[in-house]
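The structure's right below; bear with me while I get my questions together.
As written, the chain order gives the labels A, B, C and D, with residue 1 at the start of each chain.
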Amino acid sequence: MSKRTLSAAIIVGTLSVAAVASAEAVVVSKAITEAEVAAAQQAWCGALEDIGATYERDGQEAAKTLAGNVIDAAYGYQMGVVLFKPTLTVAPQTFRSTREGALAYFVGGDPEFPNDTGFALKGWTNCTIANNAILITGDSATTMGNVSITGKDGSVTTVDKTWQFVKDDAGALRIVLHHSSLPYVAQ
Amino acid sequence: MSKRTLSAAIIVGTLSVAAVASAEAVVVSKAITEAEVAAAQQAWCGALEDIGATYERDGQEAAKTLAGNVIDAAYGYQMGVVLFKPTLTVAPQTFRSTREGALAYFVGGDPEFPNDTGFALKGWTNCTIANNAILITGDSATTMGNVSITGKDGSVTTVDKTWQFVKDDAGALRIVLHHSSLPYVAQ
Amino acid sequence: MSKRTLSAAIIVGTLSVAAVASAEAVVVSKAITEAEVAAAQQAWCGALEDIGATYERDGQEAAKTLAGNVIDAAYGYQMGVVLFKPTLTVAPQTFRSTREGALAYFVGGDPEFPNDTGFALKGWTNCTIANNAILITGDSATTMGNVSITGKDGSVTTVDKTWQFVKDDAGALRIVLHHSSLPYVAQ
Amino acid sequence: MSKRTLSAAIIVGTLSVAAVASAEAVVVSKAITEAEVAAAQQAWCGALEDIGATYERDGQEAAKTLAGNVIDAAYGYQMGVVLFKPTLTVAPQTFRSTREGALAYFVGGDPEFPNDTGFALKGWTNCTIANNAILITGDSATTMGNVSITGKDGSVTTVDKTWQFVKDDAGALRIVLHHSSLPYVAQ
């Protein structure tokens, strides 16, 4: 790749495509970058805050519509399954491998999931992420660490959280694994 | 691949290589199969029971040696990091991204990890796995579900567990992510 | 995965999804199988024959429409690039990294590619594949071997051909690399 | 990943590992970068020149030893197969899916491959690479373009060349596909 001079850059989704002059190489990478991971995590935090704010301002139906849009854009249920263990679910509905189960967890109101009261409706603010480690295997990226959210009363809840992302055909990262748990407390 | 007749099969690690007659194709796959995932999960359960039995029979040092061998063979610390959140760890040592942290969790006795009492030394038996979902992304495989283990007093502990496996150059699956948590109990 | 009993199987594209009874695991695999590779290769051969037959029966425009559909379904140009070195192209248009360049090669008639006479219009029949080796890396599969096609006069042309396939979000394999060359003839 | 400050960087092979202060994330990426691809290509060119120079200076045995070392370090035969179609091979030994076949092509002298005269012994100099396109799928990277080499008489030979690289456990890129062909010449 001697004397390589990029003449233009085109973005296709977040797939980076370098369009180049006659003798130069076109480079397309589907590999996931650390920056893409950070952006996807921040987007999750932002969505949690947005759903709560929408609920406060516009009510349950508006919050449910937004939550559905967030799930469709940020999770990978269209791929066939998502491995999702939310923080507060209990057996026999601990795991939410379907879109319906995820939506019920976030906004409640689904008689099929009677224990769900709507995690995203509780007015969380100031969602922050402190990764302990990130592993990019090639076609997926996995993160583990703490996520802290502030409740209406100002108290901070910190959870242990694992996410795995894949990049879809359009170049967007999608969550295919989400395991969230409260910290262990010694008895 | 018309008229394809395999004449022999050679196993290189668990990379399946089909060695074939003159006009036939050699096929090598690094993709992970569901059967390989199941075997790796069962191996983890077996190792947990073995470490406990070795401790009972031969003591702490023997158990520690075995646990180190298990970590070296079944986890991916040589790749640079493992995303490991054991069931019972607490901050600021919740995450065990190094081999030392994993070994301390399993067998204790490490002054750098003073809260660790040796999870694998407690005499667990009958470790069983009930997967909720498995996703094979291409170069890794992720599982989520319950693992149940029986204690010395006969009581059964069930945890929510996520594992991610990659296949190393020798064809062996290695754990690169392990998030284990006690089920949420509503207050 | 003790006592695993699949109760139903759902196919999402060619992503295999096993939908299971309450206590059983859902399994989704994006890994590429050897059978999928063989099917994709056969589809390429079938398309070559179809385009030629369509040209004979319905003319250039119909053949061009079909060839466009084949490219859109079987190649990965929508991902941003395909590494395509057709058998008979010459510099400075040897490589056909764009859809336009591929279409011109197959059906000709594009003033931007004046040397192209329409490779797929020549009435090839009996396209057969003899793989030398197949490597599935995880998220892609690569094949190398001979492809033989019979011309209108009954003569057989054999080329050295390499293909690389990836699986798209819908579960279909797409060609992202295609290097075809006439065998070397010692001077 | 707010307020992220890397405190140190450790290189494990070419796996980039960022070792960080207490609250910071360890990041390990097995994804292949464009820079790694460029370096691996340059290394191939350098090795070709080195083998020829070693032959001139130290003779056939020394060149064969070096070529074997190059194959072991830069190709992936230890993974079970390499898809290798050298520029000048002919049927029935066109494809060199074994280490022996590759070594015979580069340095000759193997009665099992009687047509091989030692491609790397011909004194090539000034090996340069002009990529047309590069695709990084996630766990592999594929390149297509021209490689030009200068012979002893000063004449330049340009070939159409495709390479696919994977990253091994130590973080080194390895060639798993290599298809080289002379440009088509219209009759």
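Note that a residue touches a chain if its C-beta (ideal position, glycine included) is under 8 Å from a C-beta of that chain, and two chains touch if they have at least 3 such contacts.
Keep in mind the model is a prediction, meaning the values are calculated, not measured.
J.: Regarding the subunit A and subunit B pair, does the interface count as same (over half of residue numbers shared) or different (under half shared)?
T.: same
J.: Need the most distant chain from subunit D, centre defined as the mean of C-alpha atoms.
T.: Of all chains, A has its centre farthest from that of subunit D.
J.: Can you work out the whole-Å distance between the CA centroids of subunit B and subunit C?
T.: 38
J.: Averaged over CA atoms, how far is the centre of subunit A from the centre of subunit B? Could you give it in whole Å?
T.: About 26 Å separates the centre of subunit A from that of subunit B.
J.: What is the distance, in whole Å, between the centres of subunit B and subunit D, each centre taken as the mean of its C-alpha atoms?
T.: 34
J.: Residues of subunit B that contact two or more other chains, please.
T.: Residues 26, 28, 30, 79, 81, 97, 132-133, 135, 137-140, 143, 145 of subunit B touch two or more partner chains.
J.: Can you check the complex and tell me which residues of subunit A touch subunit B?
T.: Contacts found on subunit A: 81-85, 87-91, 94-95, 97, 115, 132-133, 135, 137-140, 142-146, 160, 162, 164, 166, 176-177, 179, 181-186.
J.: If you look only at subunit B, which of its residues touch subunit C in the complex?
T.: 1-2, 23, 25-34, 38, 41, 128-140, 143, 145, 167
J.: Using the touch definition from the top, list the residues of subunit A that touch subunit C in their complex.
T.: 12, 15, 17, 22, 26, 28, 30, 78-81, 92, 97, 138-139, 168-169
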